[in-house]
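Chain IDs A, B, C and D follow the sequence of writing; residue 1 opens each chain.
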Amino acid sequence: MAIHTFIDILKRALDEEMTRDASVHLLGEDVAAGGAFGVTRGLADKHGATRVRNTPISEAAITGLATGAALAGIRPVLEIMFIDFATLALDCLLNQTAKYRYMSGGQLTVPLVVRTQAGAAGGAAAQHSQSLETFFIHIPGLVVVAPSSPIEAYGLLKSAIRLGEPVIFIEHKRLYTMKEELPQDFALPAIGKARVAREGTDVTLIAYSAMVQTALEAAKELESNGISTEVIDLRTLLPLDMDTISQSVSKTHRVLIAHEAVQNGGMGAEIAARIGAELFDELDGPVQRVGCPFAPIPFAPELERALLPGSHHIVQVARRMMGLESV
Amino acid sequence: MAIHTFIDILKRALDEEMTRDASVHLLGEDVAAGGAFGVTRGLADKHGATRVRNTPISEAAITGLATGAALAGIRPVLEIMFIDFATLALDCLLNQTAKYRYMSGGQLTVPLVVRTQAGAAGGAAAQHSQSLETFFIHIPGLVVVAPSSPIEAYGLLKSAIRLGEPVIFIEHKRLYTMKEELPQDFALPAIGKARVAREGTDVTLIAYSAMVQTALEAAKELESNGISTEVIDLRTLLPLDMDTISQSVSKTHRVLIAHEAVQNGGMGAEIAARIGAELFDELDGPVQRVGCPFAPIPFAPELERALLPGSHHIVQVARRMMGLESV
Amino acid sequence: MYRMLWRIRLFEGQVQRLAAAGEVPGFPHLSTGQEAVAVGVCAHLSREDALYTSHRGHGHILAKGSDLEATLAEIIGRESGLCRGRGGSMHLVDVRHGVMGATGVVAGNLALAAGAAWAAQAQGKSNLAVAFFGDGATGAGVFHETLNLASLWKLPMLFVCENNGYAEFTSRDEHSNVNHVSHFAKPYSIPTKTIDGNDLKVVHAEAAEAIASIRAGHGPYLLECMTFRMAGHYVGDAQQYRSKEELAAMIEKCPIERLKRHLLADGVPATVLDAIQVEAKNEIEQASLRARAAARPDPATVMDDVYTSPTLHAISG
Amino acid sequence: MYRMLWRIRLFEGQVQRLAAAGEVPGFPHLSTGQEAVAVGVCAHLSREDALYTSHRGHGHILAKGSDLEATLAEIIGRESGLCRGRGGSMHLVDVRHGVMGATGVVAGNLALAAGAAWAAQAQGKSNLAVAFFGDGATGAGVFHETLNLASLWKLPMLFVCENNGYAEFTSRDEHSNVNHVSHFAKPYSIPTKTIDGNDLKVVHAEAAEAIASIRAGHGPYLLECMTFRMAGHYVGDAQQYRSKEELAAMIEKCPIERLKRHLLADGVPATVLDAIQVEAKNEIEQASLRARAAARPDPATVMDDVYTSPTLHAISG
């Protein structure tokens, strides 16, 4: 068993999928040079420059090109360097990519994966630190996946490439250097299913992407406070796996949702609304959210730290939910 | 007292603001010819071609241009013809317009109003019918306003122009031909405050934009069912006026939120989450949402009608909430 | 080709009549007056060549071979329509005939056409992609991004601009001071020509040359066809912004009249031409009768085809 | 101007050292080697002229007159920084000196600069707007949309492209087959020149001409300055993608060495030049000491300045 960083394991997943299926092609700014984070380094040498293609800085056109190629039978894996710039691709993703199958009355499908980097990672400031998954969960026709660790990324990326739908695949920058051992026997996870990352009985803590790691830390600390926390890793944000959530909530009766994105109008809002409507009678108290306060990400580290939600916020809210801390 | 359509009254508000303040300028595709719906017809003749400027079909650049002009002391009112194409302007709105004040440490402000048309209006199909307000409520630095009638549009547009912040002003196509009398004495509404459009005691029905009219219809029908409905017209979607909501919920203890946008990840999610967290003890039952099912807007009228939320959906859910209908 | 011109002309006339009668949902855009571009270009395309078009695309789609009845059925929102009534006038797709799609977003699918061209190149196929668009679309950044990509990667793609001098109600000189769309191709060294788009003979010959160049592996080509929008921007547009003189010039420019004169001069008997026109009229009328009699979509199927995988469908919020 | 070249060079050196020492958050991009463009262009600007720049903008901002200490303080995230530590290296704004902003989104503020130019025009003011950007930015659609708008409305705007032959780790020939950025201006009839951006004398003279043309009301102008990125894309970039020969050519191209040779040839004594260099070094060192000693922002103020109106602040979610 080998230990892999998030970066290495993504590369491995891409490499294996390209080897398995000749229609898989990589596209994006600097991808032949490895991309901004080195994920695709070496793949051009191995699979050829046609299948690993550098593009100009034209987010709109390369997303359109990838969509058109997907409609024509290629399986592109497109990298949009930062999710902050995915807005440049959003017209295409919203108005073409996501709607093609529906608008054509089922004649066409768009087997496309858009990999993109999200999240704050220390001083990247307001235009390189955002968590914008909410834009995508509001678009019928898309699938949104956000892995929480190297192993998760490996399986989910492979599943996403094989799915045959347009998938937005969100990689958190802070996870890139995280290491994990890849087990030898490994069943690919199903897109659309969440997983229980840690079992517990008092509070259901729902997270995704890097926040799952933060949630696990918080859960540890909460354990020493006598609070047993069940951590759910959503894996797929769209569609949302309410079954897994519901099973957990029927056990704990308390829910805390944590994400790095701005709280207002964030993913947590939808989850809280669904739980509030579908599991109302199961709840012993209000569903709580921990998210980013309503401001852009500031540059100075003190400010960035002050803004971003961390495990201490989760611990504090969870303690309050258990009556261990006053409001 | 004169009777005005939504279109006429918007024109009147623009005309008056341009007369009051020489820094107000209109920009957009075909605005000198009146725009796609005739809202700005005649204003170029009156205020001159410099202040009412046709632009090329360049949503990204004209939004940037308007933002740069606002930073330099102009008060642009920019029209983006359909909110469906606002995604082409979203990079600018998200990464420049909304963040400028914050990133510059308070040195600059962006007094800009972006008018845009939203909603389904019969056969406009998947790329001309969307309700995309949710993208904007998730962006710190923006203000989002969505009037529900001609009178509302008149006051809110004037207030938005005077506010001095970047405001997304969403006009529902179905309201354009609605007529109302404009009272002579008229205090401009404050941005950020909701209004109670109809008082009631059993259910709080929260809506905005054209859905307020639908909600009022539903409320009438519910009255004949013996259900007293309080209808809240949000007016401003960002920031959200929780005070008005809270007052109503403390009275009715039941909440139903209705909007035309796709329900998943929509505005209603945030409202429901806030109510669920902040007013948990006031609730007699789950907060319910009525929104668009998760699909693009289809073309054929039968399909469009089948998809869009209408007053009968509201009535049905409200009756169920009151125990008058089984689930 | 004379027949196809009439088919399109009469098809658009039929759409206009049905729209006036309230049978067409939404706001269809007619290609009346611009038929020669569609017919002249599509004459050189095979089914495997991918066609993308704009909001004004009925003509292109018919010229590419799509069925009259299924196309009309889509435009009036029937289950038997090309897209089962989901798409409508601005979103026609007919994969069987290589019609990969129309779009209501100006310039919104130009890069998709480049993607089709890239796919053909990557798969070692010989087919090409054609994108039809209006002059207004050249204001959109993605048009320029796509020119760059197409030239950089030598994509087998034909850009066809129908320059009708208008974008909605605003004339070209308020959109750009670049007189000819072909000028935009020059920095990229994309071969380009500005031609008379109302003369089918010219369009046919120039399209042949352009497509031969693309098929020979010389990369993209841009054809700017000067043409004339005989109808308003959309059905119902009163066109107060156009001068009487301009509208009067219409008959002179009409591509059907022009071709008719050519053919008569070439010795084709008028009776033959008249017969074609009558046949086309009958075809359209028959297709229209059948399309209008066809079933409307079942509201219960409204959630079909959002996703491919039924598992995603089942649990999607 | 020789002094300003050194100021920028040594400023960037200081940023690089501080970054290596972990004192600079994020990933600053240095303009080392490209100083002549900043100095030669900004020499002609007044405070009222609006300057917009890219992610590689330190030099432009210093040349426009911003304070060394406040600029550095911003780059290391202090409360005394230009933007109170909110912006950082890629988001420098200094309204007092007409520095309207840098951006981390490639090409993201070109249209904003056009907006500043339009505002000046609409307000009847005589000032202009300058936008600095890299060659990579020409791949972005909004660059072309902005060229069109600027030429159509005859905006008083100077486009300055620093063509350093690279976008990140990929050389220009993988981004476009258009050799010169100036070619993009041609369809719009925007006057344009491609010049040696490493020779301050050349830049200064050509910028004078361009700006005179703009101030005379002839509309926008595009200046393409061929230059050389002496550092990596960002601090820490190992630059394995560049050849030894290419890096060796650096010293030959260095704009400071070039100007020095000019000045010596003109008879300026070497001692004078050396003294300027030493003074610049002292200035930077003093500014750096003060900036590093300055207070860090107070975390309690993190929600300041999201909105202007306190009422919006108070109730925003």
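The criterion applied here is as follows: a residue touches a chain if its C-beta (ideal position, glycine included) is under 8 Å from a C-beta of that chain, and two chains touch if they have at least 3 such contacts.
Quick caveat: nothing in here was measured; it's all calculated off a predicted structure.
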item: Selected pair, greater C-beta contact count between B-C and B-D; value: B-D
item: Taking each chain's C-alpha mean as its centre, the one farthest from chain B; value: D
item: Chain C and chain D, separation of their C-alpha mean positions in angstrom; value: 45
item: Chain B and chain D, separation of their C-alpha mean positions in angstrom; value: 40
item: Centre-to-centre distance between chain C and chain B (centres being mean Cα positions), rounded to whole Å; value: 35
item: Inter-chain centre distance, chain A versus chain B - centres from mean C-alpha coordinates, in Å; value: 30
item: Multi-partner residues of chain C (each touching 2 or more other chains); value: 83, 85-87, 91, 103-105, 108, 139-142, 145, 148, 152, 174-176, 306, 316-317
item: Multi-chain contact sites of chain A, meaning residues that touch two or more partners; value: 56, 58, 60-61, 84-85, 88, 91, 95, 102-103, 125-127, 140-141, 238, 240, 264-265, 270, 294-296, 298
item: Chain B-facing residues of chain D, complex; value: 50, 52, 81-87, 91, 93-95, 100-101, 103-105, 108-120, 122-123, 129, 141-142, 145-146, 148-149, 152, 304-309, 311-312, 315-317
item: Chain C partner contacts - residues on chain D that touch it in the complex; value: 139-145, 148, 151-152, 174-178, 183-184, 186-189
item: Complex contacts: residues of chain B adjacent to chain A; value: 84-85, 87-88, 90-91, 94-95, 98-99, 102-103, 125-127, 132, 134-135, 137-141, 238, 240, 261-262, 264-270, 272-273, 275-278, 280, 285-289, 294-296, 298
item: Partner chain D, residues of chain A touching it in the complex; value: 29-30, 32-34, 36, 54, 56-61, 84-85, 88, 122-128, 263-265, 293-296, 298-307
item: Interface residues, chain C side, partner chain B - complex; value: 24-27, 74, 77-78, 83, 85-91, 103-108, 136-137, 139-141, 167-170, 174-176, 241, 296-303, 306, 316-317
